[in-house]
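Shown below is the structure under consideration.
Order as written gives the chain letters A, B, C and D; numbering starts at 1 within each chain.
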Amino acid sequence: MTPLLSLSNIRAGYGASLVLHDLSIEVGEGEVVCLLGANGAGKTTTTCVIAGLVRPWSGEIRFAGESIAEVPGHRRVSLGIALSPEGRQVFPEMTVHENLLLGSYAPHARRDRTRAMDQVLALFPRLEERLRQKAGLMSGGEQQMLAIGRAIMSRPRLLMLDEPSLGLAPRIVMDVYAAVAETARAGISILLVEQNTEAALAVADRGYVLANGTIAASGSAAELRGSALVRSAFLGIQAESAP
Amino acid sequence: MNPPSAAAILLAVAAAIAALVIPFLGMPLLTDIDFRICALAMIAISWNMMAGAGLVSLGHSAFWGLGSYAAILSANDLGAPFVVSLVPAVVAGGLLGAGLARMTGRLRGIYFAISTLATSEGLRVLATMLPDLTGGGNGLYLDSTLFPGNAAISLAIPCGAIVAALIAWAISRSRYAFALRAMRNNEAASQMLGVAPIRFRVGIMAVAGAIASLAGAINAWHGGYLDPGVAFDLKTTIDAQIAPILGGVYTLPGPIIGAIATIAFEEFTRALFGGMVGISLLVFGLVLVAVVLVLPQGLVGLLRKTRRR
Amino acid sequence: MTNLLQLLIDALLMGGLYALMSVGLSLGFGVVRIINFAHGEFVMLGAYGAYWALTLLHVDPLLALPFLIVLGYLGGWLLFRGVVAWVLKAPALNQILLTFGIALVLQHIAVVLWTGDVRSAMPEYALSTTIIGDVFVVHGRLIAFLVAGTLIAALTTWLRYSETGRAVRAVAQNHDAAILMGINPGRIYALAFAMSTALGIASGAIVSFLINITPFMGFSILLKAVAIVILGGLGSIAGTVISAFILAIAETMVAYYVPEGAGWTEGVAFAVIVGILLVRPRGIIGSALAT
Amino acid sequence: MGNIRASDLRRGAIGLVMGLILSTAAHAQQEVRIGLPVELSGRFVAFGAQIKRGVETAVEIWKHTRGDKVAGRDIVVIEHDTQSNNSTTVSVMNQLINSDKVDILIGPGGSDSGAAAVPSWKQAATHPVWIVPGVSTTVVEKQVGKDPYFFHTFPWTYQYHETIVAGLKQALGTGKKVAIIYSDGAYGRAHIEYARQYLKDGGFQIVDEELIREGAPDFLPTLLKVRSAHPEILYTLVQTNDAILLAKQIYSAKLNIPYLIGTFQATLPEFKNSLGAVQNCWTGVNSYIMNLHTKADQAEPKLFPAGDEWEAAWRTKYHKEPEYMEVGAYISTMLALLAVEHSNAVDRDHVATALAAQSYQTIMGNSRFGPSEIALHQAFGKVIDFQLQKQGDGYDNVIFYPPERAGGKLVACPAQ
């Protein structure tokens, strides 16, 4: 069964500095895959390459069987790729409602916008309470929910979440991950980029560990949970022997 | 700044000698062009210095005009002879430059440019509305008894240009240059490296302001007549930018080569299209757009590219 | 104190005009991050457009307005694609000089085509007035105020409620996030610049029967618009409209109460620019966007 | 670039220089060179274009009647555009005097350009004969002083007000309340002193003086101050652009001031075309007004034809009505050519003395030069007061002063 998304030998970076060295990962249809790694490992660069914000120097990206390296950033959402970016990046001067409407700006999403809206507000009741409020005035957690909700509004086949738990109180992290689990159950494949290993592995089917721009380890959630490598990769200490 | 080659030094010296000799060749047309090139070179060097510190000035006519009024008023009211009247002009220009730098300490990019534009237009309104001081709209005539003769003035402007070029050269070799380049690229980073932006900014603006005012002062003596429209003419601000852009911003020879190119071009369009109403300035605008699009580094950038290839 | 009432009415009507002139500049900067120094020339071209429509084709400036707006939009789009798009990433210096050059070119195309003579459109409502009590309202100014008001209302409603309007605001607030929504920033830049041009042309059309038309009228209009946009907070439409009225009232009061005040009114705009930039570089009223 | 030796540079430069010096000297004998420092672009483009047309027509008619030469010399007209920019005016004057070595200067038109042109003319060692068909500001007259080579064929500021006030006094008697509006530029500042002086001497009561900024979009606040002074006469000292806007805003403010006095703008086609009905009852002065049916000069009937004949010829050639600076430039050029012919020389002393001695009957009246308050040679200082009055569907200049040329009376403006 061909994977929904496959990255092979991706090299990418900013200006002269190379961040990703020969990265290859896959996400299957309906699968929840997590990408773990310490700060600066290249997690965000990966999501930006897939979402089209960063052009890779070399390597191949295939989505639903086709190469999308040449597809410009603003057309990738119509293919079904959605990203809740690092730092949330909601539109501060616009209301929650307007942010969500923008989520379904792409033509295919605009068609069943009302149904998507009901779904998102059901998933994040807090957003319904604050629908008319300016996004910029909300708390970190609420903005994170809005960012995810906004991404879901575009009816994605692949939902990428870049460090959704960053800077949130534990209780809020539980709510967010509950919503992530429910979205996964609805059949949307998810690429979860996280430093919060336990929360991610609890939800993910499978995962990769990213260290200094290359995949240090991969496997099922259970295997990764036990492996020494995850601990060292997370703490950034060089493990003596690969598993 | 890589050390200049022997040919460049030779050319610079030849240009300096030519600028000093031309007024004595008895060629009035050439002397007038030589005067305008040297005056433009001075304000172009001054503008280029500011641009070198990341400060885009849209108000160079403020320095030019302030220098003009300082010189003529000190001559008419205090009876100061030609050379003495240049001192208040230089001081006024330096103070305005330093004042602007201190006042607009935190502003960058477009904001700084707009505040200099506002300063030059503000000074023009002031000059118009204070007739007893500046003669207002009626204009101000140089007291002809003090006129030192064309020779002195035609010699003063090339000296001014040479002094300005030497100052720019000295700065480019001093540690100022590295601090300024750091500031131009990234103000915050340079701050961390212990570069006090305000101190450098005030220093550069004072020197650049003084040079531009000196040029204005000498030109005021050359023209013999001043009114707010002449002193704070927008064309001075435009010319001060076009020369370094045409010649090559952030480079040492850029403003000078640009000044020669600009005046040559102005004479060419005036001779060719002079008769037809408005054509000459239209062509000038087109060239400005073209240069910004095609030659962002200006002629010197082009020169460097061809030599390296 | 009838004169005070009269002054306020004049200031209000003039403020509407100032708002329309500067809203275009503010939109342009908010989205494309460029202060367009040729904005005054678009106003000038709009004024000539309305003038020739009236004198040659006997079409009233208000009837010619829609056509001029469309022409302005197309002109703006072509100018953006052809010239302005290339300097989006260039340093501020190149952007300022480029738009300065465009202003110089447009000014002297006007001189070559229509000479430097002074013109003014004279539809009959330009000068007729109605007297209410002992206060008079010049019809021309009232009409200009109403047209400006409707255009600004249309612009804000479009920005607030339409899909593309939201997209424009999105690009202005967060360029990368907008891409993630499926918005093509290049198209939005061109659209915003073209609208800014169209707004300039529109304000020119309604100014054509109020003030003198010459090829050189653009520059003083630009400086006033810059003062207003800076006072209102760069890129904030609401801030711009409010500060347009503030400047109009300030100028009228200075003209009336300060001795030889008429001479100082031009200084008000410049004092505002320098004052605001020193006190609060991001402008006071509207919440300015991070540049 | 590096391989050119310094000596080559020097040899090339000297060769170029010698060539230039020889060429200019050779030309001097067989030519009379007329230099035009005129505004062909910028604010005063209207004046510059008028002077250019006046000079071209004069040379054309001279060649038509006397043949291509004057006193055996070719007529060379050299024109440079001052771009209505005062610094360019300085370089254009330097170029015409020192490099083109012209014998006679004609121009510029605008007051600002004139003021800027004086110093470079005075500083030149042997400055040529200079005829100015425009420029009213007395700043120039003070600077030029008693210079024998300066000829002014256009009224000075005080000559305006001397005649306007005399005309008002004759029509309205004394004691009337006057409000003055003047511009903050060279024009307004120059005129306000004389207006104040002549109005006071004429027994008028100045109740208000208001300054306006050149090019301002809105004069209403100023007009409100004028309205509270309740003047009977509004005396305006502003140039064309501001005059048009001011007339419109006075009309819409319904100030209902009975007498609206302007200076030159009421004669300009721009004023009439832009204002339509609003121009009604505005008064003004002019040294030349069309269809005065002046007679041709006896001695030179072809060079100074009858008014109607000359105006008809002008209309056919340029498809427009002749304007005062066109007529001024035409007559100035004719006088200059005649002076060269009489003195059979181009050096400034002969030409100046011949010019000062001439006297012809022209469309603008007698051309004799006489002293003005300061300057030595002033012609056509006499101006005529007129008022724009509705005649049928158009508006005509009805002269009401001086009495010997009056064709009507000054009437109060209709209440709105």
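Just so we're on the same page, contacts are C-beta pairs under 8 Å (C-beta built on N, C-alpha and C of every residue); 3 or more make two chains touch, one makes a residue touch a chain.
In this text, all values refer to a predicted model and were calculated from it rather than measured experimentally.
Path length between chain A and chain B in the touching-chain graph (shortest route): 2.
Shared contact partners of chain B and chain C, listed by label: D.
A comparison of the A-C and B-D interfaces places the larger number of contacting C-beta pairs at B-D.
Chain A and chain C have Cα centroids lying 43 Å from one another.
Annotation: 37 Å between the Cα-based centres of chain C and chain D.
One inter-chain figure worth recording: chain A and chain D are separated by 78 Å, centre to centre, where each centre is the mean of the chain's CA atoms. The residues of chain B that reach two or more other chains are 128-129, 276-278, 281, listed in rising order.
Of all residues in chain A, none touches two or more other chains.
Residue positions of chain C touching 2 or more other chains: 108, 111, 115-116, 260, 263, 266. The full set of touching chain pairs reads A-C, B-C, B-D, C-D. Every residue of chain D that touches chain B in the complex is listed here, in rising order: 1-2, 6, 9, 13, 17, 20-21, 40-41, 45, 49, 79-81, 83, 85-87, 90-91, 94-95, 97-99, 112, 115-116, 118-120, 122-123, 137, 139, 143, 183-190, 213-214. Looking at the complex, you find that chain B touches chain D at residues 5-7, 10-11, 14, 18, 25-30, 32, 36, 128-129, 131, 136-139, 141-142, 144, 147, 150, 219, 222-225, 227, 229-230, 233, 235, 270, 274-278, 280-281.
Looking at the complex, you find that chain B touches chain C at residues 51, 56, 58, 103-104, 106-107, 109-111, 113-115, 117-119, 121-122, 125-126, 128-129, 234, 238, 241-242, 245, 249, 276-279, 281-282, 284-289, 292-293, 296. Of all the residues in chain C, the ones that touch chain B in their complex are 35, 83, 86-87, 90, 92-94, 96-98, 100-105, 107-109, 111-112, 115-116, 215, 219, 223, 226-227, 230, 260, 263-264, 266-267, 269-271, 273-274, 277-278, 281, 291. Those residues of chain A lying in contact with chain C across their complex are 51-53, 72-75, 77-78, 82-83, 85, 89-94, 98, 101-103, 105-106, 109-110, 150-151, 154.
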